[in-house]
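Should a chain be cited, it is by its letter among A, B and C, assigned in written order, with residues numbered from 1 in that chain.
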Amino acid sequence: MTEEPLLEVREVTKNFGGIIALNRLDFTVDEGEILGIIGPNGSGKTTVANCITGFIKPSSGRILFRGRDITGMRPHRIADMGVTRTFQIMRPYYSLPAYKNMVIPLFSPRARRTGGWRGGGRLGDRNTVGIDILEEIGFERDSYVPYKVTATLPTGYLKRLELARCLALKPELIICDEVFSGLSMSEIASMVPLIERLQMDGITLIMIEHRLRELFKVANRVMVLNFGEKLVEGPPAEVMADKRVREAYFGSESAEEVMKHA
Amino acid sequence: MSATARPARKERIDRGIKVRTEGIYALMSWRELAYLTVPRLVLIVGLLSLPLVMPGMYWKRVISIVCIYALLALSFDFLAHFVGLVSLGGAFFVGTGSYLTAILNTKLGLSPLVSIPGATLIGGALCTLMLLPCLPLRGVYFAIVTLMYPLFLARVIEALDILGGTDGIMGIDSFPSAWLEQYFVIIMLLLFLFAVRRLVNTDLGLVLRAVKDNDQAVRASGMDVTRYRALAVFVASAIGCLAGACLVHIYMWAGISTFALDFSVLPIAATVIGGSGTLVGPLLGCLILVPVSELLRDFGTLRIVFYALILLAFIVFRSEGLMVYGQRKYHQIERWTKI
Amino acid sequence: MDILIYGTINSVVLALYALGFALVYGTSRLPNFAHGALYVLSGFIAWSALNTLGLNYFISIVLALVITAIIGAVIYRVFLIRVRGMEISEIIASYAVALAILEGLRWGGFKGMTYTLPPFIEGSTTIAGISVDYQRLLAVGIGAALVAFLWVFTHYTRIGLALQGMAQDERAALMLGIDSDFMAVVAMGLGSALAALAAIVLLPLGNIVVESGYNVLILAIAVCIVGGIGSWAGAVLAAFIIGFAQILTVVYLGSHFQMVVALLAIILTLILKPSGLFGQQKELEERV
């Protein structure tokens, strides 16, 4: 019995009036795995996230989630189905305190249906559920941190807040757009167990990353994009050993140099 | 290191009493209770007693006009500051409400106590419907469309000579009693002031503010931004239509002048002067501007130039507005501290 | 046949209205609600120079052009630049400027008499059996020439290219050493000059009325929305569509509904294709 993949991206192309951001991209994501998407700058990684979550309509191709065609659906409908994302340029509600940020996703129809992450059944008071979720994600409950105005929080907390916003919807798939960027080593060290725990809870993750070493600790499979096309796909070690990947990152002349010293 | 001029900075901290009144501690003493309730009592008692102290019919009517403009300014402030939609055409709501209540009253023979709520709800729905196309888009488009509607509606009515054409609809009933006429608007104003204040602090209000802050994030959280904007526009336009409906029953006449520029511009100027975001500030702005505009009545459209210049000055030099200043003084103390 | 001719003329007129607005919005993202006000203001300046000061017509026109451009640039530099980037404040501020100018003119400038500017060339000719004034033909000619000139200007001159660069990506332009604040002032000055040019060419066709200030603004906005922001071709095409639609309504429904056409065009565009005919949705940040 073959299991249907959770997400299928079939021959998706995106043309921004002359600039081809995605070129016949084709891949699938199975339920429960962590797929890493890597590639040099401008390879179309964030565009993939935008297309899957409906913020941008592909010029051609199909995207299927659990067999349903979600190509070009509006973003809130797709999020309602359980496909959530974090934003590379973070978008918290700056003027509100951190825990109030959680009230908004908890107000959504999906959160009302599912009770939010780790809250089974009916949703209680959104403030308390919000603080619960924040605690799960690493905000210390009894400190003043959840109550601070978001504009004053450091990057590590803001990244977690982005994830918390997704978790409030009890998602099936989270697309993490550069969630490790801008964090210090210790902050990343505390994020990795969180990601592993999400996977254990049954959430599928697509992680778009630049920090390869940390990504390879958690990813089951990695896909490399270059100029909007899929270059290579497979387990992390295999992918990094591939010559084409090094060329893509370092350019063909310096790839030789890197290979010599590797 | 020179010891002569030690640098100092101005520091603003919440008053002790403000912090104590947040939460259950407010009930601990009379002083804290008073801190919270006195401003609100001043507002309510002040507004209700205003008609009693004003001499003569003329000024009593001015109070009604102030309240009508205050309702409009309230709806503008709510939309602009809490939802991020700037309505450059308050006249659109006033005109719709006024014509609707005129029709309900003259053609269907309904008493004002029925036609006014009717016009409010139907008008709200109608205005929201007409504004629906621009709600999924950025705020600029809302501004453009609300700017255009009053201009067009006025011209269409004039051109097609429907709904009374340039003469307007006459023979509209006035309120059953003089007291009702005076106090209905005031009570409606107070009601909606507190209602909107309440709304803005609920979870729904929080979502609306989030839509203003960052609508992409709201979409990514699985909520249809258009629906929430439509809800906010319905509330705001209903308030505007209410104002128009009351206006018409006071003057017993509805005409194209209800689409006048006055109703679009004065609320904006009043909001900006009085302090945007406070919901009470617009009322304060109207209390100042409406009597002034009455005095300037002889100068014709110079009034609008006057509002426009004040508006420009406040917007550009980013003055905070009277109420914001007042609230700041009330809630916080400033002092110089050494660094 | 006459529909074709009048339609073409009307379309070029609309394009003339829209050019200044499109330039300013494309470059500095400012929706210049004072555009219509500047249009009427320049007509007023030309009229005053001609009649009150008794200057030569040609000098009056040049004066109107220059003064309006300067006034536009000054207004931008003093007022609007302070609210740059804050969309809501930009809209309210430019609208306030428009109101101040238009209602000020209504009160102080135009007092009951009809004001006209004389046409450049008197008389008319017949094209395919329809009589058309020379002034209208001149307007079409100038309009077409202006569109061509602007295209050349933005693609081949330094200032034009700088404006284009700002329109496409302001940060990149800044990094290349283009002073975006100064360029925005220049754009505003040019936009005002274009409004003045439109006024000078078109006002002789009728009276100078304050109402036209609002009409011009609405028509300019309609053309830009229907055509799509940042696209010259789209604006021209939109001008033709709305222009012909207006003439058709005048012929079949009556002249009252001209402006309603513009409103309907905007609403329809917002419902069907909000980015306009040729508007491009750029990155996620630049969405409509």
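Simple rule for what comes next: a contact is a pair of C-beta atoms (placed from the backbone, for glycine too) under 8 Å apart; a residue touches a chain by one contact, two chains touch by 3 or more.
This one's a predicted model, so the numbers in the text were calculated from it and none came from an experiment.
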Two chains sharing the most contacts, counting C-beta pairs only: B-C
Most central chain, Cα average position: B
Far-end chain from chain C, centres as C-alpha averages: A
Gap in Å, rounded to a whole number, between the CA centres of chain C and chain A: 45
Chain centre separation in whole Å, for chain C relative to chain B (CA means): 33
Sequence positions of chain B contacting 2 or more other chains: 216
Touching two or more other chains - residue numbers and ranges from chain C: 284
Two or more partner chains touched - positions in chain A: 55
Contact set on chain A toward chain B in their complex: 53, 55, 74-76, 79-80, 84-85, 87, 91-96, 100, 103-105, 107-111, 126, 165, 168-169
Partner chain B, residues of chain C touching it in the complex: 31, 33, 79-80, 82-83, 87-89, 91-93, 95-97, 99-100, 103-104, 106-108, 214, 218, 221, 225, 254, 256-257, 259-260, 263, 266-267, 270-271, 274, 284, 287-288
List of chain B residues in touch with chain C within their complex: 80, 84, 86, 88, 133-134, 136-141, 143-145, 147-149, 151-152, 155-156, 158-160, 216, 261, 265, 268, 272, 299-302, 304-305, 307-309, 311-312, 315-318
For the chain B and chain A complex, residues of the former touching the latter: 203-204, 206-207, 209-210, 213-214, 216-225
